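Paired with chain B in one complex and with chain C in the other, chain A is shared by the two complexes that follow.
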Partner chain A sequence: MSDSPDHTKGVKRSSSMEDDGNGTKDSKRVKTNGKAKMDNYNPYLAHQYEDSQNDFQSPLDALERHKTTVKQASKAEDSDLNPWTNQPHSQQYFKILQTRRDLPVQKQRQEFLDMYHSSQILVFVGETGSGKTTQIPQYVLYDELPHKTGKLIACTQPRRVAAMSVAQRVANELDVELGEEVGYSIRFENKTGPKTLLKYMTDGQLLREAMHDHEMSRYSCIILDEAHERTLATDILMALLKQIADRRKDLKIIVMSATLDAQKFQTYFFGAPLLAVPGRTHPVEIFYTPEPERDYVEASVRTVLQIHATEPEGDILLFLTGEEEIEDACRRINLEVDDMIRESDAGPMKVYPLYGTLPPAQQQRIFDKAPEPLRKGGRPGRKCIVATNIAETSLTIDGIVYVVDPGFSKQKIYNPRSRVESLLVSPISKASAQQRAGRAGRTRPGKCFRLYTEKAFKKELIEQTYPEILRSNLANTVLELKKLGVEDLVHFDLMDPPAPETMMRALEELNYLACLDDDGELTRLGSLASEFPLDPALAVMLISSPEFYCSNEMLSITSLLSVPQIFVRPNNARKRADEMKQQFAHPDGDHLTLLNAYHAFKGAEQSGQDAKQWCHEHFLSFRHLSSADNVRAQLRRIMETHDIELVSTPFQDKNYYTNIRRALLAGFFMQVAMRESSNSKVYKTVKDDQLVMIHPSTVVSSPYDWVVYNEFVLTTKQYVRTVTNIRPEWLLEIAPVYYDVDTFEKGEIKSALTRVTEKVKRRQTLKGNSGR
Partner chain B sequence: MSRANQPDSDDDDDEDDYMKMTFADAPATTMPETSLQRRQREKREAEIRGRVKSKAELAAEEEAKRETALSKSLLADPAVAKKSKGLAMMAKMGFTGGALGSKDSAHTARTEPIKIFVKDGREGIGLESERKRKLREAAEAAGEAAKKVKVDESEYRERMRREREEARHEKQLHAAQKVAEMMDEEKGIAPSVVAHDTAEKQSPPPPPPPGDQDKTTGEATSVDKKRPSSSRPLKSIPVIYRGLVRSREEAERNRRMRHDLEQSSSSGGGGLLARLPTFEDPEEDADDRKALGKTAAITYVTADDLDDEDEELNAFSALDAAEKLRHVVLYLREKHKYCFWCKFAYLDAEMDGCPGVEEEDHD
Partner chain C sequence: MATPPGADDDDYNEVPLQHKRPFGSGLHRKAIAFVPATGDTKSLTAVPAAEAKRPQQSVSDLYRSMVLPHDNIKTHSSLGAPDERIMCEICKLPLDSLAAEHPTARRHETSLAHQLCLPHSHPPSAIDRSRMGLSYLSAHGWDPDARKGLGAAQQGIQFPVKTKPKDDKLGIGLQLPKNLPAPKPKAKLLDAGKVRKLVKEEKRKAERIRQQLYGGKDLEKYLGLGAVR
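Take a look at the complex of A and B:
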């Protein structure tokens, strides 16, 4: 295929591709180049051209950065030799190449390149299935030729899983090893190397990198994928890149979106040109209910069964809001289908749940084939996937023909007034509903059943889902922005600026945490805290833990709080699970219980037991404990880098647990609640005056008067989750500024704190007197 | 002690303005409490605390607190805004109110946080608003209907016309019924009834003789005399004019009762009410009654079955006047070969010469 007669020689040369960049050693590549550069050749400098002495000819040599054509790129792709590794292409590579060439984006590759060459910023719209996420970065790769410039190409993804799986896919497509030429970088995991040219990463990860490289100088091109999802990090990145683009004219930016509201992106990026690629989609017929539904779960189950009974072959995708609801629906559908098979000769149907906390192996099952008919010539089987909105954009499941959409999803929402950040079931947006419907048209014309009226669709659904930046606590973001060198947060040019109150709370919280001084400048503590990929409260807690002689323990607790819940509580064994949890329970609280469980896990591991089996027996998640272990190692490295001591109080010391409880307050003193009255189960949050209960998952049985909590959640009730008992004196001692009694509004908490202050003072006076 | 109290008192002075709305529990410790006061306060507080709130109360309180917090802008509350270091930092960056962001987005950017709606239950989208809409529509429809009655002039005319027509039919019916009765009488259908009725009609009861005693006995005898006649079955009368007979009977009964009343009232003692035939004076014992001649129960039995339910008649009465009239007209034609409209009794059943059954036919 290649016109290079001696490519086999090139195989020997496996390293130092960078040298190709200087373009002066092309003397023997007349054929590939088409134009001789002989005149540049200096035989006396031959030792510098060591590589070219091997008569090596890379398929990429003919290409000139920002001047390539599809023809050139295709030629390089078609060559027997992999231009990135200089290894021969595998058979598999050419097979994949064929399918890649059939993707919708391929048809517009030249158009894309022309636009890319002529503009610094480009907005690219491609519906799901167009191949944009895998192909566009590769098109850029063949144009940017990063091995010549030494500058990488970054492609951001909102989700860790997507970053990992897409990187793997693209590595396969390019016939390279994952982590070498193509890699990924996500929080707590970096799979890139010195050879990496194309890097998939979470948007948050790129933001973290930018904290130390304000110009993003490592990159020649940054691709923001799935920008329509409007994650917090993507929004911040867009605002930053808008600034950087002005300073760095050599930096190319591509904003990729799956929805057609790209105009907003164009306007935001100084009227950047737009390229739209149609997806490979089929028409989807949309049905509405004539009347609003009384119970949307019940209605969805009914609709699924109706489809199964009356509609021709094709898989079903049902959108629900959360684990509990999904499991409930799956159970009900399974029961009914059994009846249908018995009574009316219906085909078999496999029902698969899909939600974020499901173990990956079970998540993988959604890609299983639909079941065969029960007997030869019988009615065809189908599968039904009951999923949260992760199936809305991020996952592509082929074979879906019917979509059932009740119109709800769980959405994070934060309100600075009560400082509660919660996941609440809310109606989706019109854009979301269209996205869901589109899922039915991936393989052939499909149908979407909306469990609401057309009128409700038009009148009750908002146009676009609120971007995350409007729904989040911004403490972490503000700290990052400060570290990124953004001075004027008020006029920072975000696409959708948050409410002023949200900003005000964030600054205030950072000030109380001593990360910002009263002038809004980053303190040393703040600067250090921003080094940790953690919320400011957790970071500050970790940084101050040596003062409490328990940094090892706080490191463990921080890691455990950074992973999903480690305690497993399966529906069919709740009681036994609770009994097992009780074994680890510490009467003083959930943080200490987490620590006990972790220590037991490590103990089991070290004693040579099968950790997986041990976890299973003790109703602990091996997966989450392992990732906590990994997180711990990462954080430990950061601590060591910044000379934060790792110390422990001896376990026999009676202050072992007390020190830990006190250390918690160093970061979480703003998350404290006081019991309303002596026989009440109701607590009142300090300063925000919200009534809360302790989440039923707690191990705390005796009702303490004061607790510190990890999170404040609002479902249908207000709960504080993961709580530990503390003493009010500690508050005055550890966070005297926040607990300055003068700043409190009159009420029970103020009087309680006043009493404590007096008690402390009395005791001190007493001590002073006796000392005299 | 006194030094510890100092900041508290300052604080009270400072925040007096904003504090007026909050309840003044936890008395400020500026004034030393006497032990008695303290005991009382503690008792009071313990009582309040001691009461276990119900779940509903708690939920309501929780929600109320949340709503209060959510509805109150942190910027609008001067107490919060003044103290907020966050706001001070923002002011330093040039924040003067309004939205954040660049000038370009100033008109679209949010000034308020996104509202929180807690959804409990599994109602589908649009159910709540649909419910509200239906209520509203029902209310509107009711209002509109009320308006329509007032406004619609043609309907008023139509109703008036119908009422006039009804009245005319009623008159014609009455006439037709009388004719039918008379003709039946002549032909001898239900002779006894008709005979008696006619007799009764023609000869009202003789004026009772003067004197209480006489009157009563006289009445009694007169009733006695009539008894056989009044026991004749109303139901034997053809339904088409039974109503006529019945109302005549009722009128007769009322007339006689009124007559009795007038007679007795003139004799004084106890007034009109006390003289009602059914009146029983609780002070009277059996002897009194005997003495007053009340022993024989005064009964007014014009027709025994006057008070009975007559389903056949009820069904007939339920018809509207025009329909009743038609029935009577047909009855006359059938039984007497008489056309109510021609006012002519034909000789043969064909009633040759009569243009038809309806009034219109005779125009």
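Take a look at the complex of A and C:
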């Protein structure tokens, strides 16, 4: 065993090495003990002293922090005893270890360690398939030896699913239980324990943690993975870490990117050293069309069929933009393939759609094997995956040899002038086109068919996709930054600072929500709102709900709005699904309908019915309802810790629903629309003057004059989704600053509000008179 | 505001375009008669105006020097050594004192070369100055008129990213010719009500055309009232 100072420092961790049945109990006791000064003997660590007396050697003892070599680490990895749990390694472990040793990163492990030792910040470039996401954190683990320092290693991922699945994989590789030594933390779900040494987490989650720990003092090394995706949270984290690195010289930072534009990261991080590892890729031949295409969906379907007819074995990956388009293309390909098999003896082809809202079971199907030939000696079968750009970086599907790239993807764009965040089909960037092409060369040399001309590729596509920070509403970000203690948002050193107008909008929105005062300082409400992992409007709505005597109900609604749509509407049973939805419908709006459905779900659960079956019968998504339930529990905990009362109006009270409708406005008063004229279906949003229609999914049948909406959807038409009827008097009462009639521009909304103001005044004077 | 309607129209010139004076011609009329400073100072600012021909000539000289063989140059640069000439501070082109002898000739200040070299002033930003967001940003040192973005070196983008919604399936790089034949209207299914409406509408149109053609007063007088109806 190593010397005793190490013991004292790492009490919490070294005890964790002993994994037995009552691990949690054990560590709890040690945790309280760890703070007390320990002299020589700790009864709870008796077993370890015994070990050292018996000259027991942990495989990690020979290692010295920040001075390890590959040889030492490999020796520890090869030993029969798992150094992290002190349990014998399983058979499975050595099998996985073999494959790990074959990964491209392993060859450069020593090089990596040398650089890691000599520099505080390191930029690591490894193409997909190099093994960087799973291996680098483990290399760091064997170097940082966090059980001795008591400081964790964090590895961020842009996506929840990736954080979960990679953590699982690494737990298997290290032969430990997920949630013990290796864990993950994502919004509304934390699977880590007191023993955790390596933590995978979403970038947003690390940002949330930083709000309470400005120095990130829990960590000795932070790895930002997939930095090339430039998500909002990763960008903010990079700027923060750049600051923290200056203050905390003991914090190591690794920025990992999959693309070679890493120079940008290098210059941003004061010229940090760069290590590049080649991926396991094969050459990809690229083809362009000679002429631009009239209809890219049609062209992509034709290309897929052409590949199927003329190219040798190998699976196809087609990139399209959205669910509708993908389902349409799948249908068309299926029809044509049937014809091809009948007419020209083509091989069978399985077509799988892949998009974010697809249920996980169906998403999993893309990993199925390609179908067998129809008869012995017949043409080989293949599978064709029609995917959105989630297949571009986040998912690795082996066996893809052909990629069809029409050059479009759906991108989120925020317009600060109209305050509309929308998903628009836009041309991809050159970097993204290269990424797509690279997907064809994972298993063997492949081909990429681009449905545009080479000239268009060179001239019309932008170099890099705009980072998310330039395309998003920053209200939430600004609130987080304020909570993170960033005073000067103008000179905050972001890699790509957002447009001033976007920043102004965010500040103003927060100002109206009373999260920031007029000088841009965080208010108490703002500080409280930032505790919730929610949009500021939702958080404010939740915090102010006790004033309307309905915090329990608002808690449910908030949770339901934080998960995907709970109403299921399968294509083959639309009518029945709509009828079922009508059962839950509340005439005053969709928010209340959501609440009714949730109450019915809970009722069914409590009455002992099979909730899954019940959901299926009522066309509700069991998965999303249960995750809403989980979210609700999490939010409830936050509310309780901050002493926000949980109250309800009695259901019999005639104001039960009115209170809820009013409480909605406390957060969403900036998302209100007024009907244009008495017999029109068109609404105009307040202050932003956008003409919108109510989304056809609504249950609201009688057209109300004023509605509050949850989201703005821009498709072929502009829609507002999830709407509830409100009364204009409430607006003046609940958000008097925003609805100060004098600040409105001339128009129907202004005159309508003026009328309402006068009416209210008259009523008050009448009341005053009668009172006297 | 208190100004009567149309008062702000003063901003617009009512002078027809063809009578508008060229930019900078005001300098001509309101020329101030400067007096050269006493002594032998070659102060540049003291020289009131200069002829525009000189710089033009020297530009042409430069061109010639590039195009023609070297001995041809001297024949054209008629003036003395360059150090004798006075250079304009702004456009770095020589001024000429001969200007005084040609009052009608264009002054140096009005020459294109000089005008182009003047520092360009941008119009102020159109952002509403009363916004809370602006007051925060300017309190932290962002100037809305400076044409700068945010960031450590104010290197950020100045305007939000723009994209236009795409509601067709046209591939990348396809430019449709502008005078495309309009797509054929789809055949409509009509019921009795719609047909009745259509017929009515057609009748109304025909009636109007007939009115326009035959409804003239003199024609009515000539043919008699009943003829048209």
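The rule we apply is simple: the second predicted complex is superposed on the first by the 719 of 772 C-alpha atoms of A that agree within 3 Å, B and C clash if a C-alpha of one lies under 4 Å from a C-alpha of the other, contacts with A are read in each partner's own complex, and residues count from 1 in each chain.
Definition applied: contacts are C-beta pairs under 8 Å (C-beta built on N, C-alpha and C of every residue); 3 or more make two chains touch, one makes a residue touch a chain.
Given the structure is predicted, the values throughout are model-derived calculations rather than measurements.
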| item | value |
| --- | --- |
| When chain B and chain C are modelled together on chain A, clash or fit | clash |
| Touching partner for A:Arg65 - first (chain B), second (chain C), both, neither | neither |
| Chain B versus chain C as contact partner of A:Arg280, first or second or both or neither | neither |
| Which of chain B and chain C A:Gln690 touches, first, second, both or neither | first |
| Partner chain in contact with A:Asp742 - chain B first, chain C second, else both or neither | first |
| Partner with the higher number of touched chain A residues, chain C or chain B | B |
| Which of chain B and chain C A:Val682 touches, first, second, both or neither | first |
| Partner chain in contact with A:Ser418 - chain B first, chain C second, else both or neither | first |
| Which superposed partner A:Thr754 touches (first chain B, second chain C, both, neither) | first |
| Clash with chain C, by chain B stretch, listed 95-103, 149-157, 275-283 or 347-355 | 95-103 |
| Contact residues of chain A, present in both the chain B and the chain C interface | 289, 292-299, 406-408, 413-417, 422, 424-427, 451-453, 455-456, 459-461, 466, 470-471, 488-494, 496-508, 511, 518-520, 714, 716 |
| Complex interface listing, chain A residues touching chain B | 289, 291-299, 406-408, 413-418, 420, 422, 424-427, 451-453, 455-456, 459-461, 466, 470-471, 487-509, 511, 516, 518-520, 676-680, 682, 688-692, 714-718, 741-743, 745-748, 750-751, 754, 757-758, 761 |
| In the complex with chain A, residue positions of chain B that touch it | 1, 4, 7-8, 10-11, 15, 19, 22, 24-26, 29, 48-50, 52-53, 58-59, 61-62, 65-66, 69-75, 79, 83-90, 92-95, 97-102, 104-105, 108-114, 116-120, 122-127, 129-130 |
| Complex contact set, residues of chain C against chain A | 127, 131-137, 139-142, 144, 149-152, 154-163, 165-167, 169-175 |
| Chain C partner contacts - residues on chain A that touch it in the complex | 289, 292-299, 406-408, 411, 413-417, 422, 424-427, 451-453, 455-456, 459-461, 466, 470-471, 488-494, 496-508, 511, 518-520, 714, 716 |
